[in-house]
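Here chain A shows up in two complexes: once beside chain B, once beside chain C.
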Partner chain A sequence: MTDAKPISPAEADQRVDAEVSGGVTEGEGPQLLSWDSRARRIVTVYIPLVIFLIVLLFPFYWMAVTTFKPDNELLDYKNHNPFWISSPTLDNIKKLLFDTDYGHWLVTTMFVAIGSTFLSILASVLAAYAIQRLRFRGSDYVGLAIYAAYLVPPSILFIPLAQVVFQMGLFDTPFALILTYPTFLVPFCTWLLIGYFKSIPYELEECALIDGASRLQILRRITLPLAVPGLISAGIFAFTLSWNEFIYALAFISSTENKTVPVAILTELVSGDVYHWGALMAGALLGSLPVAVFYMFFVEYYVSSLTGAVKE
Partner chain B sequence: MATVSVRAVRKAFGSTEVLHGVDVEVEDGEFVILVGPSGCGKSTLLRMIAGLENVTRGEIAIGGRVVNNVAPKERDIAMVFQNYALYPHMTVHDNMAFSLSLLNAPKEVIAAKVGRAAEILGLQPYLQRYPRQLSGGQRQRVAMGRAIVRDPQVFLFDEPLSNLDAKLRVAMRAEIKDLHQRLGTTTIYVTHDQIEAMTMADKIVVMNGGNVEQMGGPLDLYDRPDNLFVAGFIGSPAMNFLKGEIRGGAFHTGDVALPLPLQVPSGAQDGRRVIYGIRPEHLLLDAAGVAATVHVTEPTGSETQVIMNLGTTQVVGAFRERITQKPGQSLHIAPDPALVHLFDEKTGTRLS
Partner chain C sequence: MDASTWVAKRPTPSALAQLFDNKAFLIAVCLFPAVGLLLVFLTYPLGLGIYLAFTDTEIGGNGHWIGLENFEYLLTDRIFINSVWNTMFYTFVATVGKFALGLWLALLLNHHIPFQSAIRAIILLPYIVPTVLSAIAFWWIYDPQFSIISYVVVDQLHLRDKYFDFLGEPWPARWSLIVANIWRGIPFVAITLLAGLQTISPSLYEAAMLDGASPWQQFRRITAPLLMPILAIVMTFSVLFTFTDFQLVYAITRGGPINSTHLMATLAFQRGIPGAQLGEGAAIAVAMIPFLIFATLFSYYALGNRKWQQGSDND
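The block that comes next holds the complex of A and B.
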């Protein structure tokens, strides 16, 4: 829609009208389907967007609907519309909150996510700053090595990590997760921050050097304040991944009360071959809320830092 | 305030040497400008004085102390960068106070020093603004304020005016010169603009390809350039050069004969191939002079620049008189013999 002449909305309407009635205004035949016409916009922009939204949001809708459905509606699609709730109920949520350790799981998950995010960001800031700005001998290779570590899939890495966790006596504690999540968080965050640090003008640091600042003072007072969008997006990334992580949480935690939400709802709300769908979906819904809220506040930073927006 | 000595300094990046042994002496309180085309090594030299680049060989001393291995913050210098390097997340006040706050200076001292710098530069109304809310000239002033606040021994400027528009550049030029006269701090200033160099400097260092071509006062360089490079670099429009040889007490190029300088250099004997240099403003209208064909006239009001063909060479003349000749017509001109320069054709050095 960029290469068209700008036309007024009224003009666009007229053209659409002409199309609809099958009439062709004099001399305007070939321009009828200009990029700016409303019909064209509906077909090329709005319809795809709506389809996209439906595909993306339907799982959430299903989750929400299931959460508030009584069991008889949930299991009987013949007499009840599967897409709607006739008699909403809070039984599932009540069951989740009062008959299970859900509160405990949430707290554990939060603790693990915040702890591993904090650790990863701290390590990544120092690593990224050193690689990007100190340019020590071999810094490029260190950067590549960190990235290579990211390419090792967790499903392989969890076996050796399990050994480490056992030997350090961390099995079945939140620290088993807080200390292992950085294995995949640090590489990504480091690379994201390297890119962000690169966009901060180098002269600022040279100027600060002359002004009498040490490297750590420069990092704390010049570079980090300017890298806040980058830090936020690295933080969101790390937090989301730790919150949703499954394999390590499944492997390194065994007792019910120490489990994280994704693992717990699957292992504790499925008894044998009975799926407690209502409570399960309620757990998933409540579990995804913190991340959604987190994103809502910071989505602009997230986008701007991933696309490398620079300002001076 | 201090002297700065650069002695036989060389700089190499990997195997590429960009400075080939540079010597510069800066007196206490002097305003020295390093000037040269881009890539000549002037900024690198400045950054070495600031301590942002290592010295590969040679010695740099500030105030008599060799600083080769001294950290930038201990050299007692202040630097103004080309893009100002203002901290975007700090107000004007905090930008200027940053260096003092790092020293844990008492609040009253910071307030007094920032206040004084703001007063000198007329920045009081903007102290609580952020850099992005300022115009180019104001940002430039904040960058200078940041330097003044530190009360350093040496000011270093790295092409500070090149991001400004032409009019502002002229105004800031005068402002920086005025500032230097008031503070009297030793200043080293890098630019590629020879007009800036001519108008501001006590001493100009002309650099080219990692070497110092000539060093001296602005008018010394203008009146007695040591070689073709300096002759062509200093002055605007640039000096005209004509190739030819000396015969019978005159300079001959093609069919054209021009008078030798009043004081004929000792090496200017008959048959010697030389390059004859004459500045556009030193060509005079003279009915008895040689005829040149007008190519283009460019009236600027105060003077008229004429591009014309003298024999086979194109030369530029700048005349105070109004030129009525049309392109293709001829104009009789003569060089002012007191202001003619002769250079050796092979080495490009001045004959004297």
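The block that comes next holds the complex of A and C.
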């Protein structure tokens, strides 16, 4: 099936035209199967792919362009091409950094994200180890119950949780978030780590047991070092999820300085009827950047945990 | 090292170490943090939420048991009924859109294309970035005066002579939200389905080609059935999280114009937290539970199929 007919450029162009006008696509019969020319690939694969990329990335481009635009260009499409910036400015970013509590929000968000990630990973590692390695009667059901917890979305929990948080005296403190985020982080991380522990040969642990290692030593010296990729995946996922969380942070935090970045940008920068789009977009850009940069460093782990969790 | 020194070197473990070698104790210790957290902050609130739905609790006050009164009131409340229809419409259209486009994107990425992993990384960006912040970008794109879409369509292409009023009228606002939701959902669907596509053996396609199957027949007879188990799981999650979506609507329209774009989650928030009617908000949230149970059962049976698909033992 490799004997593709050589096609002259003119012929190829004709085929592109035919395809663009809705001609040749499917059901052409077996004789066309070997015809996998460049032109066909460009029309059926590359052009749609480029359109997808443009659509998926345009809001980010627009965010960035708006951030660096001076106000007169921002609101005047007649004299300035809106897709480009003639005289870029840092005014909006300066305004965000110095006229608002942005630094404060960033520190709070970081603290909450790291705290809840740490707590969730600790709880998940122990739970996954117990379920997958210590194997007891009903361990499958405990695993299933923890998985089911992932199917309980925050939207139906935040009202009663607000009361629980209030009764515990945690309302309007970062600890309200650090303790409630594990409700959606622990199920996911546990499920992910069970999968990882499964891939580590049990014989290694048996050898260590015979050599007289205790269970805790086995977990610390053998299982955990081998599960490091799994721990990184779970950690990254937990960190980005807690960075992005919105509804709990909106419901449990009321004072300006304790807000997390996503909530603060929406509730503190939108004031009155006049929206300062430049500053808003600067806030959106700077709030997205840390997590985007963090993600770019660990893309492979991230993708593997995302797809692994679904396949598990 | 001979046997005698080995015995001599081994210290007697302390009482604490012995305790930790007791399997039952160790299991209890290991499960305690996860199970404890989930019981206190998930199971208990879930029960409390169902209880609150039958009371007239307000913020800062103790409620009284009022039976089904909240639900009876909600059934006469046009805004609530509207939000239920809205949620179902939003979930249905957005899910169809996300899966049609997401599957298409996954099929495109499954070709041998240059920079595949880089493209995959970039495509996930809408999923990584905080939803509220990209929602703010969409809010700006949907601005009545300075919308870039209006600019292109009206001022550049001259296809219309009036600017779009994306968020000022109920139906345009609903469609605008659905588009934003689809935009955010495509990456997750595409990347997870791509993982599913990559597990399908190429030899199946070769065999089909030799038998003279058309691309559509290959998709229909090989790709679709083998992708079904993973598709079912991804769809369960997608439906679950679209149905309970809150951030996009809250950030872009806050339920407006005139409460026409409220989803059940945003209505529950509006009544429960700023409106201080915790009982009524909880009742709206509890009304979502039947749908979630349906999605969970669906997921459970799809998980059952997975074992068969991967051909591994039930482990």
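Methods note: the second predicted complex is superposed on the first by the 252 of 312 C-alpha atoms of A that agree within 3 Å, B and C clash if a C-alpha of one lies under 4 Å from a C-alpha of the other, contacts with A are read in each partner's own complex, and residues count from 1 in each chain.
The definition used in the following text is that a contact is a pair of C-beta atoms (placed from the backbone, for glycine too) under 8 Å apart; a residue touches a chain by one contact, two chains touch by 3 or more.
Being a predicted model, the structure only gives us computed values, none of them experimental.
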item: Three-chain arrangement built on chain A, chain B and chain C clash or fit; value: fit
item: Partner chain(s) touched by A:I222 [first = chain B, second = chain C, both, neither]; value: first
item: Partner chain in contact with A:Y248 - chain B first, chain C second, else both or neither; value: neither
item: Partner, of chain C and chain B, that touches more residues belonging to chain A; value: C
item: First (chain B), second (chain C), both or neither touched by A:E206; value: first
item: Which of chain B and chain C A:V291 touches, first, second, both or neither; value: second
item: Which superposed partner A:M63 touches (first chain B, second chain C, both, neither); value: second
item: First, second, both or neither for A:F136, with chain B first and chain C second; value: second
item: First (chain B), second (chain C), both or neither touched by A:F237; value: neither
item: Overlay on chain A, chain C to chain B nearest C-alpha distance, Å; value: 5
item: Residues of chain A contacting chain B in one complex and chain C in the other; value: 212, 311
item: Complex contacts: residues of chain B adjacent to chain A; value: 50-52, 71-73, 77-79, 81-83, 85, 87-89, 98-99, 102-103, 131-132, 146, 150
item: Residue ranges of chain A touching chain C (in the complex, touch as defined); value: 1, 26-30, 33, 41, 45-46, 48-49, 52-53, 55-57, 59-60, 62-63, 66, 74-75, 77, 82-83, 119, 122-124, 126-127, 129-131, 134, 136, 142, 146, 148-149, 151-164, 179-180, 182-183, 186-187, 190, 198, 212, 214-216, 240, 243-244, 246-247, 250-251, 261-263, 265-266, 277, 280-281, 283-284, 287-288, 291-292, 295-296, 299-300, 302-303, 306-307, 310-311
item: Footprint of chain B on chain A - complex, ascending; value: 201, 203-204, 206-213, 217, 221-222, 225-226, 311-312
item: Touch list for chain C against partner chain A, complex; value: 10, 13, 17, 20-21, 23-24, 26-27, 29-35, 37-38, 40-42, 44-46, 48-49, 52, 57, 101, 104-105, 108-109, 111, 113, 117, 119-126, 128-134, 136-138, 140-141, 143, 146, 148, 151, 155, 183, 186-188, 191-192, 194-196, 199, 209, 212, 214-216, 230, 233-234, 237, 240-241, 244-247, 250-251, 264-265, 268-269, 272-273, 278, 281-282, 285-286, 288-289, 292, 295-296, 299, 306, 315
